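Following this line, the structures themselves.
Each of the next two complexes has chain A plus one more chain, namely chain B in the first and chain C in the second.
And then the complex of A and B:
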């Protein structure tokens, strides 16, 4: 049943990507020179650290902001819930570049944030909030939030209502129901959201490139340079493979703890 | 319930099949009736618009062959296409040292000099494989409103001097041009810049590192940042400043001294579908009148000095082959960059990330 999908994926995804990644080891003869060069690169370690740090912060921010939003959505009537979710999904369809430039306008020296803080006397002259970690995390969280909210909503909706009724029947007050029934059962959804956001964040290029400063250089920017300008595809593949291995390692940890089927919204049992 | 579902599905499939058939037919008919189309891949944006007026439309008027302009100019995509033997472009723009890279990797074919007349082109604007269709530059832009002519750096040495010339600065997040600017700032005379002493360049860059507020990546950023008041002085590709100036924007000023004179080339990819027409288009691109028309749109012009004479005066002030501008600039050495780009980039990445 899954055979056509597997063939499709294998032919159009695994094979081309695999061919590119193998270029890091074969140039065309077998060689380790790209990985040797990677090991010697000071920039690479710094950039990997930036990438992981920024992705982790974005994930945390998305979780803190997204969890309450998801919860609130589950308390809406079906129509309002559908509209809210639609709004979230629509935001994903808007061009990433447009959204990033919008942040540049808002956070810039002559932007809304600067003007607002000036008006309320919180700063004494116009200031730019761009080209730093704050801007990058803000913009990336803005883009990735839907990927946190939707899995949590899905997890919360799949909680058996009879469990809640049982808790209430046993005398639990609303706060206790939340704390002891809803929250623990929503955790796998939160975990799914975290993994999705983290992995998507790892590969980000546009946002750190145009809103970030020197300290926000992420791996995808280095890969882009090697692919597009140096035409050194073997070296780019070495970068990419390392990032992929890192991502797979995270997947492995997630799978051990929660089970891979969670990501697909599969059965919790 | 089930039977009506089946009927609906059949209706749906019929409608879809009909639509697909119509589309297929629609595509087939024009292919028979229409004339040939060749593809010119260039940087896009203002360049594509100027290119359509200066090259595409005249070419179609002369030969009946349509020119489809695609973007962006990416030598990586060219390499992938040539390797896969599935080349979509007939004429490809190659920016600066990418053109040498393309020649070295065997991606473009030799020019047909019986079709392309190079006899009037300056020696630095053509070789066996390609011609320069746009001299452009990286120059210094500043916000005229904020600094006027008073306290602004007039060369790279002054740009490097944050004390004497206070103001927020921006430079590109890339070694290209910055290494040369760093050496100029360090007092190296223009004719002694190449081969670039990397150690000296990076030591010079160390002095300015803390004063650079923004390391721009996107070509549109410099002008935008000057207009937003984000920075006061920045390097930038002058064509962007030109476009704004021609649109009436008076706030951006350009300092040409110490700017890097760069070249954008065109060539015919190996395996291009229509090489004959491609060569004809290239021949047209270095015709003085057409090149001047292109420059009116984007201020980039070819290496034929006669083209300069066709320009309106206000454009002459922006074209880098203008003798008063060219004499103040440094011609970028594409061969040095071909050999050293990788090393320079690695060093730059290490330097900028730390």
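And then the complex of A and C:
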């Protein structure tokens, strides 16, 4: 019964993606020229650096905000915990474009931030806070935060309660229990969240394209540009292959350390 | 039973975290995180009822003029919404049928290549949607399907499939194989058992999966940018407007999208609970 889905994905996903990526090596005979140009391109290096820097910052921001939230959800009474998780999951199912557009409304020239700062005399005239790195990181963290929280909650919930009871029974204060028992045992969940957020961030297109400026061009935007404007599929494929190799390398390291099973719970919301 | 056991023991253990400064920090960060996630969307909903001809917050007055523009004034919006609906419904059907068939053997275990199949199902969510979109664009151009609505439906089905599988798996893991064995023992043929026992018992997961698959398509942007041709989906239509200028009709369109998300999401969750309870009740009745 698994056959139809496997054939479907093999024919309509693996084959097209494989065909596209192989285009980076054949034109039509085997060639390395696309990768040679890529290696010499200063602009490509800058874009890769942008992509990794923005993704890493978003991962860190999500972790710092998401970890305490995950711990609070774990310690809430079941009803409140379920409600908070429901709100988190619901936010994932609101259109990404709508969530990004919301930041354009808030941070734009006529937006709430500009009006508020003007009223308190912190700026002299209306001003846009869009098209910079801060706006991109804010909007991307907004989209990716739930992917950090959910795996951490799962890890914290799987901690054996008797370990915590034992620590408390031996006189450990709450902060010590948190630091010495809960924190170390929640690390696999935090690692899952970080890998998930980082990998998803690497491939982002919509947010940097509409909220970012020239300094926030990411790899997916480069691929789109090569296909739509330069009409150069070979280079597009070389960019895509680089992005994919980067993604798979992180994925492989994670898989060796923690196994892939964890990602199922996180990635599928 | 396992679940009750866990809840009753976890609570008192963690109770010591319910007091003091640590707790205040945790409460504050949770409230901030929820505000951060939901407030911007609420502001878009408020601003969609603005009477102003450009976006400003707070609005100087309220009206439904942007909804009038969305539903009546500019027919391209309703046209785009209709296309999105057709594509998302077709995607939901394909993803749910394929997803149900693969979720059952995955949940039962013992399937050859189990982890390979799981990785295959998951990979479209992990790989950048831009890679998938561009690859499909090239592929469908090659077979002359690029202008066709089928290309978009098939593309969205790839992304929607894992959600269907995930939801059906939850029901499939909870399915008691003795119910199917009993039906077979009473002489039912395998197809009959599948249709009258397996599928009804999996209904909560199948229905939830269908709604999530619908939303995965309805809210998808990047594949739609490449595969919707000259006839845009709602997401593509919004994208075109956002790139040009910040037009308040986009706020009305956003509110419509949020409403669709809320309806589909609540329907999935509520139906899942309702059907699961009905199954539990009939199972309890059979036990007694």
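Criterion: the second predicted complex is superposed on the first by the 232 of 269 C-alpha atoms of A that agree within 3 Å, B and C clash if a C-alpha of one lies under 4 Å from a C-alpha of the other, contacts with A are read in each partner's own complex, and residues count from 1 in each chain.
The definition used in the following text is that contacts are C-beta pairs under 8 Å (C-beta built on N, C-alpha and C of every residue); 3 or more make two chains touch, one makes a residue touch a chain.
For clarity, every value in this text was computed on a predicted model and none was experimentally measured.
**Q** In the superposition on chain A, see if there is space for chain B and chain C together, and answer fit or clash.
**A** The answer is clash.
**Q** Report for A:42: first if it touches chain B alone, second if chain C alone, otherwise both or neither.
**A** first
**Q** Now for A:29: first (chain B), second (chain C), both, or neither, which partner does it touch?
**A** It touches nothing on chain B or chain C.
**Q** After superposition on the shared chain, which partner residues are touched by A:161: those of chain B (first), chain C (second), both, or neither?
**A** Touch partner of A:161: chain C, not chain B.
**Q** After lining up the shared chain so the two structures overlap, which partner does A:68 touch, if you call chain B first and chain C second: first, second, both or neither?
**A** second
**Q** Name the contact category of A:245: first (chain B only), second (chain C only), both, or neither.
**A** It touches nothing on chain B or chain C.
**Q** Quick check for you: in the superposed arrangement, does A:170 touch first (chain B), second (chain C), both or neither?
**A** Neither partner.
**Q** With both complexes superposed on chain A, which partner does A:108 reach: first (chain B), second (chain C), both or neither?
**A** both
**Q** In this superposition, which partner touches a larger number of chain A residues, chain B or chain C?
**A** Per-residue touch count on chain A favours C.
**Q** Go through the superposed model and pick first if A:210 touches only chain B, second if only chain C, both, or neither.
**A** both
**Q** With the two complexes superposed on chain A, say which partner A:230 touches: chain B (first), chain C (second), both, or neither.
**A** The first partner, chain B, only.
**Q** Could you tell me which of 147-155, 219-227, 237-245 or 291-299 in chain B overlaps chain C after superposing the two complexes on chain A?
**A** So the stretch of chain B that bumps into chain C is 219-227.
**Q** What is the shared patch of chain A, the residues that chain B and chain C both contact?
**A** Residues 104-105, 108, 110-111, 210, 227 of chain A touch both chain B and chain C.
**Q** So in the complex, which bits of chain C are touching chain A?
**A** Chain C reaches chain A through residues 7, 9-11, 13-14, 16-18, 20, 22, 25-27, 29-30, 32-34, 36-38, 40-41, 43-44, 47, 54-58, 97-99, 101-102, 104-106, 111, 115, 117-132, 134-139, 154-155, 157-158, 161-163, 165-166, 212, 215, 218-219, 221-222, 235, 238-239, 242-243, 246, 250-251, 254, 257-258, 261-262, 264-265, 269.
**Q** Using the touch definition from the top, list the residues of chain B that touch chain A in their complex.
**A** Residues of chain B touching chain A: 74-76, 79, 98, 101, 105, 173, 213-215, 217-218, 221, 224, 228-230, 341-342, 345-346, 349-350, 352-354.
**Q** Touching chain B in the complex: which residues of chain A?
**A** 37, 41-43, 46-47, 50, 104-105, 108-111, 126, 128, 130-131, 209-210, 213-214, 217, 222, 225, 227-232
**Q** Quick one: in the complex, what on chain A touches chain C?
**A** 1-2, 4-6, 8-10, 12-17, 19-21, 23, 65-66, 68-69, 71-75, 77-78, 84, 86-88, 90-91, 93-99, 101-106, 108, 110-112, 115, 142, 145-146, 149, 157, 161, 164-165, 168, 174-175, 177-178, 199-200, 202-206, 210, 219-220, 223-224, 227, 233, 236, 240, 243-244, 247, 251, 260, 263-264, 267-269
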